[in-house]
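First comes the structure, then the notes that go with it.
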C-alpha cells in the first residue's frame, strides 16, 4: 500500500510537509521567515518540509548521506551541509531520515542557545535523546505546551513533542484531503483482492497501477478537473514507441 | 509609528502572512496544496498571505480595486479576478482590504458548498456577516473550535473566528520575532521624544529614519549578520549624485 | 544510460528547464511575468519548464493525460486544463509530452492572436505543423530570427524554431554543468564494461547505481560539498530495517 | 517620470530581473541551478534579479549597506553577507547598487577561479575595472562573445559585456511588455502638460497618480482583466476613514 503513488507521494510530500510546519507553529509560534532551518533527509517527507519552509521565507539547509539526493537538493536551491556544519548554523532542526541518532552529543554541544528540534521521521530515535537528557542533568522544564527546554552548560535547547512525530504530537496529523486518497486506495484494493483472490499467489502485491490512476482521477474530478484521453493516434504512437522496433 | 518600515513592513508582511496561515490551519486542518485561495487586497498584508499560500502549493487569486496593485499581482504570478468571478472559483477566501463588505449576499450565493472564509483585515466588517446570517435563517452550527458552518439552501459555508482577525482569533497573533521590532521602535521613539521634546512642535511625527535603521541593524546583529559601511568614496559618490549638479 | 539518475534527472529537469526558457527568450524577448504559459506534459522536462516559468512570474497551466501526474501538478500549485481549455487561455505554449499532435487544427483555431508556440519534447511532431501550415495557406513570414508567424483568418500565431527542440534550435542546448555528468556516466560505464565484460550477458544494462552515486559525489565535491558517511550504527540500523525481520 | 509606479516598479523589477538573466545566459550558457549567486543591492532591480535567480534554483546572497533592506532580504529567504564574505563564496556576481567600486582589488583576489561578474546597475563603475585590468597585467582574452577572461595569478575571472549593463550589452534590453507602459506614461504625461500648462509652475512634476492608474488599467485590459469599482458604500467608508474624524 505504501508504494501506491497516490498514497506515499501525496501523504508524505504534501501532507507531512504542511502538517510538520503546522505542528512547529502551534508548539512554538516561531517566525519562520529569515530563520536558518536544517532538514535532515531529502526523501519525500524531507523535500515536502524543505519546500514549505522555503515558502515561508526560511533559509533551508539539507543534510543527506545519499549523493544523488544531496545533489538534487543543491540544484533545487538549498544549501547542503554535513551534520557537524549544520549544527552550529541552524536555528531550527527537523529530522526526516528514517534513520537513528542523526543529531548526537557533539551536535547538541555545537548548537546555538535557543535552538529548536523536531522530528518528522517515523520514530523518536532520529535525535539521540538519551544523550540530550544526560547532558542536561535534570535541567529541563516545560516552556510551552509540547515544548521542553533542556539547559546544557547555560545554553537552552528546545525539543518539540518529545521528539515524536511533530505533526501528530503537536498538530492533527494529515489533513483529510490526503487521507481520503489513502483510504480510497485501501478500499479499492480490498475490493480488488475480493474479486481476484483466485488468481493471486500468497505474497505481497503493490496496489495495481489502474487503482492508483483511478484514485487520482476521482480526486481530480472532486476538484472540478477533467483530463483529455489520448487520441487513437496518440495511443498508437506511444504504444508502438514503447514496445516497438 | 505605523509608518516605521521595521514596523509595518515586517509586522504586516512577514508576521501576518505566517500567522494568518497558522490560524487557518489550526481552525480547519485544511490541506492548502492544490486549493483555490482568494486573497482580497494586495497591500502588505495581502501580499504576505498570498506569498505564504503560494509557498504551500495553493492556486492564488487576488482581488483588488487599485489597478497598479492588481497589475503587480499579475506580474507576481497570481491570477486577478473580480469579486464575482472569484466567488464561484474559490475554496478558501481571506480578506485583507481594510474596507467593508467585500463579499456580499450575491457572492455567498455563488460560493461552492464547503467554502471557507476568514478575515485578516482590521475589522470583522470585510465580510457582510449580517447578510450571511440572514441567509442562513438560523441554520448554523459549530463544526470545529473557531469554525461556524452556515447552511444556505443546502450549501454549507464555513466562517473562521466569527470573521474577526484570524491570526488573533484562531492562532497567537504575531510571533515574538516581529513584535520585538515594533516594541524597539516604540521604546527608541519614546527616548527620542524625551530627549528632543523642546524642539518638537505639537503634531504627529513619523519615527525618525535613523531609529528605523538602528532597529534593523540590531535585529540583523541578533541574527549574526553585519553589514559593510560605505567606503568614503562611495559615500561621496552617492551624496554628490543625489544632491549634485 | 538514460535511466541513470545523474543523467535524466539533471539533464531533463534542470538542464532543459533552463535552456527552454533561454531559447524562448532569445527567440522572442517576451516578458514571462504575468503571461499565461501552457506546458504540455508533466514529466521531468515538463516540470523543469513549469518550475522555471513560475520562477519568472508566469501563470502556469499543465496539460496531462496521466491522472497521477495531473494531480501532482495541481498540488504543486499549477492549474490543470484540457487541451481545449488551454488553447484559448494561453499566451505561450510549450510541448514536452513525447507524444504527437498535442495541439491540432481545432486548438490553433481557438488560440489568441499573437500566441507563441515552442516544442521541448523529442521531435517536431508534438504540434500538428502540417495542419498549421495548411490553415495559413502560405501566409507566413519570418518576424524574428527563429520565429515564423502564421496568419490564420486575420490572427497571427508564432512558431519558434520550426517546432524543433527549442533549446537546441534557439539556444545552445544543455549547459556544460549538466552535460559533464552525462559524459562522466558514459565514461565510467565504458570503464565498467571494459572491466566486467566477462560477467555480462549480451543485453541492455542500466548504469550501475554505484557509478551514479560516484558521479553525484564528484559533482558535489566540485561545488565544495562533502557529505557525512553513515555511522556504523546507522548503517546497521538501515540495513537491518530494510532486510530484517 | 522615473517615479511613476508603472515605470520604475515594472521596468526595474520585472523587466530588468528577466533581461539580466537573459543577458547572462546568452553570454555564458551557465547553469544557474545550484550556483552561488551574489546580488549587490536590494533595490527594485536587485530584488528582481534575486527573485528570478532563486526561481532558477540558485543560492542567492544579497549585499546591502542599508539595514532595513538587508533585513528585508533576510526575511525574503536570501542570505546576507558583507562584500568580503561574499567574494570567496560566489560563483556569479551581479551588481545593482547605483554606487561605485562595489567589488575592488581585495575582492577580486578572494574570488574563486572561474568566477563570473556582470553589472546591472546604471554605469560600468560598480566593478573596479581599472584595478581588475591592472591585476591581470595584460593576461586577458575573449572566451565567448561578450565574455572577457582576466587571468590573475593563475586564476581566471570572467567579465560580461565589459561591465556595462548586461541586459543591453548581452541581451535586448527590456521586453516590449514593460516598455509599453513607460511609453504610455510619457505620452499621457505629454498630453497632460499640453492641456494643463497654464496651471503648471516651471518645476519638476511627478507623473499624476491618475495617469499611472490609467496606464495600469489599460495594461490589465490588454491581458483580459477587469477590476471591480468600489461600491458607493466602500468608497464612502474608505474616504471617511482616511480623511475622517
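Labels A, B, C and D are assigned to the chains in the order they are written; within every chain, residues are numbered from 1.
The rule is short, and it goes like this: a residue touches a chain if its C-beta (ideal position, glycine included) is under 8 Å from a C-beta of that chain, and two chains touch if they have at least 3 such contacts.
Just so it is clear, the structure is predicted and the values come from calculations on it, not from any experiment.
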| item | value |
| --- | --- |
| Same or different contact residues where subunit D meets its copy subunit B, judged by the half mark | same |
| Chain separated most widely from subunit B, comparing mean CA positions | C |
| Subunit A and subunit D: spacing of chain centres that average the CA atoms, whole Å | 37 |
| Subunit C and subunit D, separation of their C-alpha mean positions in angstrom | 28 |
| Per-residue multi-chain contacts in subunit B, two or more chains | 14, 33-34, 54, 57, 71, 74-75, 223 |
| Interface residues, subunit D side, partner subunit C - complex | 14-15, 17-18, 22, 25-26, 29-34, 51-52, 54-57, 171-172, 175-178, 223 |
| In the complex, subunit D residues that touch subunit B | 5-6, 9-10, 13-14, 63-68, 70-72, 74-75, 80, 82-84, 98-101, 212-214, 216-217, 219-220, 223, 225-231, 233-234, 237-238, 241 |
| Contact set on subunit D toward subunit A in their complex | 33-34, 54, 57-59, 71, 74-79 |
